[in-house]
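See the structures that follow.
After this come two complexes, each holding chain A, first together with chain B and then together with chain C.
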Partner chain A sequence: MRSARLGVTARLIAVLVVLGLAIFPIYWMFVTALTPDENLFGATADLLPDLSRLGVFANALADGKVGRWLLNSFVIAAGTTALSIGLGIPLGYAMSRFTFRGKAAVGLTLLFTQMLPEALLVVPLFAVFRRFDLLNSLHGLILADTAFTLPVVALILKGAIDGVPRDLDEAARVDGGRPLTVLTRIILPLIAPATAAAAVIAFFSAWNEYVFAVTFVFDKSLQPASVGVASFIGEQDTSIQSIMAVALLFTLPAVAFYLFAQRYVVSGMTAGAVKG
Partner chain B sequence: MTERNRGPHVLVRSPGPAAGTVAGRRDGLNGRRRRSVTGSPWTPYFFLAPAALYLVVFQLVPLLQEVWLSFTRTTLLNPTFSAWVGTANFQSIFANPAFRQTLLTTLVYVLACVVGSVGLGLGVALLLNGRFPGRPVARSLVTIPWAAPGIAVALIAVWMFNPQYGILTRLLRAVGIDPGASGVLDNPQLALGAILVTTIWQLVPFVAVVLLSALQAVPQELVEAAQVDGAGRWTIFRVVTWQVLKPTIGLVAVLMTIWSLRRFELIWLMTRGGPIGSTRTLVIDLYAQAFESKQLGTAAAIGMVGIVISLIVIVGSQLVARAAAKEA
Partner chain C sequence: MPASPSYRVRALSVLALFSVGAGSLAGCSSSPSGSTGDASAKPEAATITIAASTLGDPGRGPALQKLIDEYNASQDLVKVEPASVPYPTFGQTILTQMGGGEGPDLVRFDMPEFEAAASSGLLEPLENKIDAKKLNLIPGPDKYLTVDGHRYGVVFEDSNYGMYFNKDLVPTAPTTFDEFLKAAKDATKGDAFGLAFRQTQAEEAGVWQDIFNYVLGFGGNWSDGTKLTINSPKVVEGLKAYQQLYDANVIPKGADAATFRKMFTDGKIGMELNNGGYVSHVASTNPNLNFSVARIPFPVKKQGALLAPIVTNVNSKHKDADLDFINWLLQPAQQVKLQEVLGASSVATPTERSAASLQKFPFLPALDELTDTGVPQIVEGFGQYTPDIRHVVVTEVLAALQGQQDMNAAMEKAQKQAEDLVGK
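On to the complex of A and B.
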């Protein structure tokens, strides 16, 4: 009995160490944002935040530039999510429920695109975007980001639709339902959790997208937060406290949503990466 | 189409959506199982077309352009003019010792990422799979590194490795490692290590959560039977747990390989491939060739090398997985 109890204690300590390592850098952003200069740049580091300085977050948001960044990121991420889900649902449905010529090729393409780095396609996409006048615009970034989120979203949704018993489609069809009706009335309500997970993945991959945003947008007023936050690196004019406050404001939505949708996201990501 | 034509039901079907519905109803009444939904043979393409068209325009066409670029001399300053040079770009990159260094750095980076993230991820998964108070909370919190945006991770890493005041620099000094006045990220011996620590920190939670869900498939009665037979923990792990986890571990390893081959922001923002090229992986090299040296042809050739490596990894892993499945 005693050794079992000891085992639990040892495990608990190990878990706390792991959690400490996992959380520390995020905690450190918080501490840094709330520590005055004299303690930050002293001989030793302060490990606890000075909670009387919480106003630094309000100040960061009050800065019009930061609000603009976050708003641009939101627009890009929301647009990418809507477009990826809108295109991904029919694609996932076709991949799950139909046999057709070229299906294997489509499946392979969806897997293959996941190994393409954005940095590889940024040059030719730049040329395409210039031709269609999509440079320096938020909708241009939505189009570029969707190209990379769509395959993942489609594979997650295909996996989810695979999990819906075919008998349900059959029953609906007996009642005269056409494929589109079957999709919207029967399947979509049943795959809502997976759709939400796919939406979270699409949203935050666009929220975090950097390469296209830094290359395709020139106006400062159109910059998303990823580019804004990255521009702090190596910069001297902004105080480290403000930088960390902004970075934390940029991080928290992603962390909150992933924690909330974690179970679906993980099963979705593995399904998307695995099955074709 | 050929698949569909095999069934006799095609004979009773005439083109057009209305006829498709009728045929579908008949299928239902006959109680026969159909592999596909009713409708004309064009129905799947109707659902497929928008996304397919999208991917052709925004992935396939740019990719083919990139393939073509790799056989040309094209500069960023005049990107509409390309001179066909055959395989000259490939010959010149492979003749360049700096590129061989890039390949080696990529290999070290990818291998270390895979081994580090899978090894530690497995450890964390086994740890969290045990019984202890607060388990659900711990399982959620441990995923935070993976959920944090890569850009913010790069930023906090740069601050933590700050040459004077970074907390990790202070820690290194405390244990007797002096990264020098310009800091860890500017030290050719330490920079790649710092990037690896940051990358692995971010990857471990993902691996752990995936393996944790795979661990739920370990048959408990088998574990108990082994315990009754007096098997030690290590034997149980090797004989039972490992066998269940093996396919998932293989899969996660492939995923980590591909992700690490294409990782850009974290490395670019932490070191830009420096100091003296010590953190220059293929993707960093590709981006620097395109936007710093302005050589789009060379950049495209480097990209092709990366694609070929990824393809080899994917195909190779499929072959290994298939061989393993046959053995079992």
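On to the complex of A and C.
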């Protein structure tokens, strides 16, 4: 009994340590954003935030620039997520459930796309986007980001669908269900956790994306936050507090999306348990 | 996780190589637009964009924007707007955009990127549009803007590297390397460091600028104009001096330029080698800082110069408008204003410093005197390969700093890799 209690305590401490390691950088960003210039490089670091300087966040948001960056980032990330999931589900389903010529090649091609860094593709993609008038637009960035997230999303969803017993499909078909009905009514609820996880990956990937965003968009009003934060770094001067304040604001919507998606991970797992 | 700056720089270095390659192909089919040789002709109405990393500087950016606003107000036909490109990936981003047939109309480039863009056909030739004699352009730096017989730009900023020192931490400017090392050691105490320089791959271009001063200052050079001399004894000697300072623990290791420059203005750094543009930044950030500038105290009186030309993108649809702005900027009144904006830097034409500037910064003549011994940060004779050679050299130097190899071996490796790159 006593050893069991000790085990729980040890686990609790381990969880708290890991949680602390994960949260500390965020906390440090908050403290640094509120640290006055003269204390930034002191021999001893300020561990507690100077709450009288919270105005730094209001200042960061004052001219609407940061708000616009965040909105652009949200549009790009949400669009990429919707497109990746929307295309990834039928692709994953087809690869999991159907036999067709070139199926192995499709799978290999999806893997192959993940081996190429963005930096290699940005120049040819720039030429293609220019040809189709997709430069300097948010929908262009959504397409570019989706090209990178879709293979990952499709492979995750294929793996999840592989785990759903085919007997369920067949039972639904016996009851007159078409493939689309089987997918939407039977399989999708069962793979909700994987779909939510894939959505989080797609959202974060597009939210943080920098190379395409800085190269494909010229109009300041269309820049996402990843580029906006970098613009605080000057040739001779950088406002560390402003960077930390904006970077902190930059992390919040992504965290909010994760918390939102997490609900579906849990509910999907439960749905699977009941139906199983 | 957001991409780390080092990843971004690495990634963008790769894409810059590709973009320059693409630009070379584009350059094969591009030809100079018809030149009139008449700089006073009125341009068509247009809105053009200018990209300059200086515009993003909190210190100099607003003043430069004010000068651009002055141009916009001076006439009704052309409007110049700043293009927003973050400084950390400025060169690579612009080269990629230009290689893809887009990009800002006007760009203020650093020399390595200028050389790469010029030799790839990404810049508009200006030899028939800029009359150097009539405009009284300073010949010394101006000669570097002609590549393969074509002029591709005019000097926007020519900034000599000097030794900035905080007089509260380093009361007397050192005059020899030994004094420099001693002063750095003496000033390193508590939360202050005697010296600061860049020493991470994430700041490859910055490390190159820094080590340039050590190599030149110890009598070395990356080439003799026809042959690479990266592994020559003088180059290695300069780099060993750089390593000696690194090993002496007198710098805030790991701190990037943004951080240690803030530390300098906060009075936490004793000395820093930087270009003349830094004067404006330091003075505007902390007007009370007790600092001065002197010649870099290395054995040979030779140092790097940040030569930054303004160029016209070959893809620009409004080349007459671009030229109109350049010609306006080269007029004597604007040159004086530009020089005031840029701090201790020189501009394209000879200008007198104002009495107010000289009173505020009495060391300005000392910096100006360095123009004769300033060397643009390119590999002479191999200008277009400078970004690639820079990558090779900086990678090997940093590996030596981290104890993975000695500096002699590092430069032997760099020499071989660089020779493979240039095909000699």
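As a convention for this text, the second predicted complex is superposed on the first by the 215 of 276 C-alpha atoms of A that agree within 3 Å, B and C clash if a C-alpha of one lies under 4 Å from a C-alpha of the other, contacts with A are read in each partner's own complex, and residues count from 1 in each chain.
Here is the rule we go by: a contact is a pair of C-beta atoms (placed from the backbone, for glycine too) under 8 Å apart; a residue touches a chain by one contact, two chains touch by 3 or more.
Quick caveat: nothing in here was measured; it's all calculated off a predicted structure.
A.B. asks: Could you look at A:V15 and tell me whether it touches chain B, chain C, both or neither (first, second, both, neither)?
C.D. replies: first
A.B. asks: Tell me which partner touches more residues of chain A in the superposed arrangement, chain B or chain C.
C.D. replies: B
A.B. asks: In the superposed arrangement, does A:F57 touch chain B (first), chain C (second), both or neither?
C.D. replies: Once the two structures are laid over each other on A, A:F57 reaches no partner at all.
A.B. asks: With both complexes overlaid on chain A, does A:Y210 touch chain B (first), chain C (second), both or neither?
C.D. replies: Both partners, chain B and chain C.
A.B. asks: So in the superposed three-chain picture, is A:F74 touching just chain B, just chain C, both, or none of them (first/second/both/neither)?
C.D. replies: Neither partner.
A.B. asks: Quick check for you: in the superposed arrangement, does A:L143 touch first (chain B), second (chain C), both or neither?
C.D. replies: first
A.B. asks: Looking at A:F30 after the superposition, I want to know if it touches chain B, chain C, both of them or none. Which is it: first, second, both, neither?
C.D. replies: neither
A.B. asks: Output check: A:Y93 vs chain B and chain C. Expected answer is one of first, second, both, neither. What do you get?
C.D. replies: It touches chain B, and chain C stays clear.
A.B. asks: Can A:T113 be said to touch chain B (first), chain C (second), both, or neither?
C.D. replies: Touch status of A:T113: first partner only.
A.B. asks: On the A-aligned overlay, A:S231 touches which partner chain: chain B = first, chain C = second, or both, or neither?
C.D. replies: After superposing on A, A:S231 lies in contact with chain C but is clear of chain B.
A.B. asks: Can you give me the overlap between the chain B contact set and the chain C contact set on chain A?
C.D. replies: On chain A, the residues that contact chain B in one structure and chain C in the other are 40-41, 117-120, 122-123, 126-127, 208, 210-211, 215, 226, 230, 233, 240.
A.B. asks: Given the complex with chain A, which residues does chain C contribute to the contact?
C.D. replies: 1-3, 8, 10-15, 18-19, 22, 49, 53-54, 56-61, 83-89, 93, 96-97, 99-102, 104, 190-191, 258-259, 261-263, 266, 268, 277-278, 281, 285
A.B. asks: For the complex, give me every residue of chain A touching chain B.
C.D. replies: Per the stated touch rule, the residues are 8, 11-12, 14-15, 18-19, 21-23, 25-26, 28-29, 32, 40-41, 44-45, 87-88, 90-91, 93-95, 97-101, 103, 106, 109, 111, 113-128, 143-144, 146-147, 150-151, 154, 169-170, 173-174, 176, 178-179, 182-183, 204, 207-208, 210-211, 215, 226, 229-230, 232-233, 240, 243-244, 247-248, 250-251, 254-255, 257-259, 262, 266-267, 269-270, 273-274.
A.B. asks: If you look only at chain B, which of its residues touch chain A in the complex?
C.D. replies: Spelled out, the residues of chain B in touch with chain A are 1-4, 17, 20-21, 24-25, 27-29, 33-39, 41, 43-48, 50-52, 54-55, 57-63, 65-66, 69, 76, 79-80, 124, 127-128, 130-133, 138, 140-160, 164-165, 167, 170, 201, 204-206, 209-210, 213, 251, 255, 258, 261-262, 264-265, 269, 283, 286-287, 290-291, 296, 299-300, 303, 306-307, 310-311, 314.
A.B. asks: Which of the residues in chain A come into contact with chain C in the complex?
C.D. replies: Per the stated touch rule, the residues are 37-38, 40-43, 117-120, 122-123, 126-127, 130, 135, 208, 210-211, 214-215, 218, 220, 223, 226-227, 230-231, 233-240.
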